[in-house]
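Multiple structures follow.
You will see chain A twice below: alongside chain B first, and alongside chain C after that.
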Partner chain A sequence: MTHAAHASHHYTSTGLDNRKIAIWAFIGSECLFFGSLISTYLIYKNRSLVGPFPHEAWTNPQTGETVKAILDIPVTSASTFVLLMSSLFMVLAHAAVVRGDRKYSKIWLVSTALAGTVFLGFQAYEFTSFVHEGLTLKTNLFGSSFFILTGFHGAHVTAGVIWLLTLFFIDLKRGLRPTDAINVDLCALYWHFVDVVWIAIFTLIYLIP
Partner chain B sequence: MAVEHSSESDRVASAEPHHTHGDAGHTHPDWSTYKWVALILTVITVVEVWIFYTPFAETRLFIPSLLTMSAAKFAIVVMFYMHLKYDAKLFRALFTGPLLIGVIVIISLLFLFGQLNFFLE
Partner chain C sequence: MATTVAPPPAVAVPASRYERGLWSWLATVDHKRIGQLYLYTAVTFFLIGGLEALIIREQLRGPNGTLVSAETYNQLFTMHGTTMIFLVIMPLSAAFFNYLIPLQIGARDVAFPRLNAFSYWVFLLGALFMNASWLFGAAPDGGWFGYTPLTTKAYAPGMNIDFWVLGLQILGISSLASGFNFLTTIINLRAPGMHLMRMPIFTWMSFVTQFLIILAFPIITVALTFLQLDRFFGTNFYTTAAGGDPLLWQHLFWLFGHPEVYILILPAFGLVSEVLPTFTRKPLFGYPVMVYSGVLIGFLGFGVWAHHMFAVGMGPIADSAFGVTTMLIAIPTGVKIFNWLATLHGGSIRFTTSAMFAIGFIALFTIGGVSGVMHSSPPADLQQTDTYFVVAHFHYVMFGGSMMGIFAGAYYYFPKITGRLLSERLGKVHFWLTFIGMNLTFFPMHFAGLNGMPRRVYTYAAGQGWDLENMVSTWGARMLAVATLVFVYNLIRSRRQGERSGNDPWGAPTLEWSLHSPPPEYNYAVIPTVRSRYPLWDLKAAHRSAHEPHEHDGDMPTLAPETLAPDTPPPTARQLGITMPTPTLKPLIASIGLTAIFVGLIWNKSLPIMLGGTALFVVALYAWLLSPLEEHEE
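== the complex of A and B ==
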């Protein structure tokens, strides 16, 4: 094995690539991070003194105006489906890089980034409509914990989209070779983690009343 | 000799069995597995949303059902898309260890703040 080829691998005494160990350790720490945000949301659940509320209508005693249940399940279901499909695109992008298929690696990488962007668009629409309905970060306990939790998730999706686009432009410029598969694998692990966090959020926040 | 493939699925299927992790030597799932995983995830999500709008949502089984389906989706993505089912045990430990701690912390905090009954009722 040449020095250059040897240097491209980052093996440790475990026989495992240290970059993969690092990303799994990072994902493990993210479990605790999102665990704290989810527990905060659940502790504050149904303890808001004023509306708007997530699952029931609320009448403002000062204005007499009634605000319907604020969560829009059909819209969020659509964004959940988009994020689930992005995970499929991601594994296909990784498979394409592994087999050195430059055409499909580009197609699937940009598809994943696009799906992530669409998800962020749904989130921007949701946040905007909530603010128009009168729910902000400062309105009540639901607003605070909801925007913090889903906002941090959205920030993670944004970071993932930037990572995906970086890989896409590298692929455009010089092409991702099978030896670069580890770089796509690291991004894929991060992206799938963002997906599984949303799986938990979708059930705990949106579907459980 | 180059082999011509009729579709993306053929390409993936023919390429995947040769794909192993250099570090661990584990084979990844093929296109067929990915396709089925995506289908199962979609079906579970549809069922989750569907029961939300049915009278089943008023029953005591609604929340346990949702949590079970969510856990199933979580496990499927982690096992097949993140390849944890096929990867080294160290990766499994690095993920499941903090995940278990996180779940225990959530349950403990819900218990301490009197919110656990909400899920058990």
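== the complex of A and C ==
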């Protein structure tokens, strides 16, 4: 409620901070970005000429080798759970900053970043194991559209982790005050959005065969 | 903090190097300066794009032209289209967004001044990147819509398409950044009392345009990213041999490409809707309907894309659906045309150059609109597609529409930007040369096209029934070249020697004309309170009614003290104690870092350049985000 006292707080038509409106516009734009990537994946579903395939086994006609369905749903369910939990941590971090709780703001910020990093670790593991099983960017349509879609999502998570760590270090250095809550709020909106995108990806790409 | 020797300076320190000279332009975050940068850059590219068009026309003047080779011809028409769309009309619109939106809504700057500077620099570097291709003799040659698989590595192994893909990616970042910025500005920085239905119509049309930009550009970003990955990293998105669908690109491209058409035309709609009321001395006819039709065009603009693809055989259902939506979108557009005509009807029209361009716009855009509806019907389109008929159509829309509207806006707003009027005499010459030249160039193309002349052919045999049409088109193009030189000469000459305009040379109704010309850096010393759509007309009416008792609803705007004051230089921000954003080079440095990443990619995927660019970008971005926008006096 001390916002009005803050020097850089100008009059706005809606009473909202400019950055809050901009981040919503950005998220709207990102919906079209991920929408296009997901649509492409779905359009190319079941149209790969060679394997490996996401949901069914494939026998290589040249070598006679069989590759099982490549998506590992239990492992990805675990990483999805971690990412979903990170959204909870994010909410707690924001709440801590709003009430001026220096201790828990740090704990929850770093927890969110950590959960994001664990998710990225899962993704790195998934990508390397796929490559070992013979699926790369160049293998087939599935490889191209899968790696680019999930890769872009991973890049967004990475940017989010960097943003969270930046906030964490600012918190360490000078402490985030309740007047800084808007900064955490913006990061939180972004983070939740990236999380929601993952729910769409997990459902459409992993769960629906 | 200042406890010792020197007394702290009385004011924040925008050093003098930030006020004059090259440095002041490199470090500026002032929306009016950035607007001018966009303007002058875009005019330069207009000359380049125009020269490309002129060479094309000279090549096609008669049968069996030999001026340029087929390869060069491909590069010329590709770069002509790409330049005119992305480096001329969009940045000219951006020039007006920048200059006008804060003035029209009563703000001191845009929501994010440094992001605004960043958008401009990224645009400039992207434009230079794209045109650097000429130096390597490898200008893009896949047409402005770059259809795959023609543009995949297998069929276009040179660097040409690389320049195109990466150049458009850079330009897209600029457009997106400015889209978020202006959207926020319009939503959040309107002066007290300026609710949405009191916004000047140019700001309204710009508002719709920003929505289109932020929703359409991510789609082309994805389409280009696929092509970029296919070309640089061997993915299969557009590889037909791997099962890739050749229509994927077309759908993604036109899902962007058709909203893009409205991104190009809506700002011109807005400018014409500002010009006509002033020069007819009448409020815009049906303001709310103008707003709603603009919004409706924005919505429908996302539902018509596949009318560019009737020839690929999507089947009767898709063809019919897109035919119908295309016919539908003509309705709000037609409503606009009738509203402009109704604004003219019964008005006391002053035929200034600006008004003439606005009226010319209505005539020519209507022709372009009508030929557009003609190919909304799939069977008719099958005859017209890929012929000069289509070329005629979109030039009537882009040149007869967007450019004529922008010219109307340029003559109208030049006095606000420079404090001087453009020469009306040269202006009239410019108008008539443009109007006649434009019709001579593009009207015969309708006939050439219907008689079967395909587009994008670098030469043709004699006696196919197009010889005269092509000859006339070429003479028209020469006329347009002269017209453009007259315009540029007028711009340069009037900047220094034009007649002084004062604050409000036209008797205009909107807020920006209450300011000095050019406006001071802070725009409004006191943020005005707005009570109607035409605050200045209300004010003048009130002045009149002071002498002759006149019926007035008492809705008086409160304007800054300098309103309607004589032509004295306004006080500086410093004198008034207004804190303005501090000039900074950080956006420029960040944009250089960002562009370097793309330079590295095209430079044989040079890792050092890409990593260096990334590092520069990240460092500049952190320095920018962690430093305050304004230096506060404590």
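Going forward, the second predicted complex is superposed on the first by the 200 of 209 C-alpha atoms of A that agree within 3 Å, B and C clash if a C-alpha of one lies under 4 Å from a C-alpha of the other, contacts with A are read in each partner's own complex, and residues count from 1 in each chain.
Operating definition for what follows: contacts are C-beta pairs under 8 Å (C-beta built on N, C-alpha and C of every residue); 3 or more make two chains touch, one makes a residue touch a chain.
On a predicted model such as this, the values are computed, not experimentally measured, just so you know.
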### Message
By the touch definition at the top of the document, which applies to A:F119: first (chain B), second (chain C), both, or neither?
### Response
neither
### Message
Per the contact definition in the header, classify A:W58: touching chain B only (first), chain C only (second), both, or neither.
### Response
neither
### Contacts of A:F130 with chain B and chain C, given as first, second, both or neither
neither
### Message
Just to be sure I read the superposition right, which of the two partners does A:H192 touch: chain B = first, chain C = second, or both, or neither?
### Response
first
### Query
So, A:P209: does it touch chain B (first), chain C (second), both, or neither?
first
### Query
Residues of chain A touched: more by chain B or chain C?
B
### Message
Taking the superposition on A as described, I'd like to know which of chain B and chain C A:L49 touches: first, second, both or neither.
### Response
second
### Message
After the superposition on A, what does A:F81 contact: first (chain B), second (chain C), both or neither?
### Response
first
### Task
Kindly classify A:T14 by the partners it touches after superposition: chain B alone (first), chain C alone (second), both, or neither?
both
### Task
Find the residues of chain A that appear in the contact set with chain B and again in the contact set with chain C.
11, 14, 16, 21, 25, 28-29, 32, 36, 43
## Note on the structure
Listed in rising order, chain A residues that touch chain C in their complex are 7-8, 11-14, 16, 18, 21-22, 25-26, 28-30, 32-33, 36-37, 40, 43-44, 47-49, 137-138, 140-141, 143-145, 148, 166
### Query
Where on chain A is chain B touching in the complex?
9, 11, 14-17, 20-21, 24-25, 27-29, 31-32, 34-36, 38-39, 42-43, 45-46, 73, 77, 80-81, 84-85, 87-88, 90-92, 95-96, 98-99, 101, 104, 181-182, 188-189, 192-193, 195-196, 199-200, 202-204, 207-209
### Query
Which of the residues in chain B come into contact with chain A in the complex?
8, 11-12, 15-16, 18-19, 21-24, 28, 31, 34, 37-38, 41-42, 45, 48-49, 52, 57, 63, 66-67, 69-70, 73-74, 77-78, 81-82, 88, 90-91, 94-95, 97-99, 101-103, 105-106, 109-110, 113, 115, 118
### Message
Residue numbers of chain C touching chain A in their complex, please.
### Response
111-112, 176, 179-181, 183-184, 187-190, 192, 194, 214-219, 221-223, 225-226, 229, 233-237, 242-245, 248, 252, 255, 527, 622, 628-630, 632
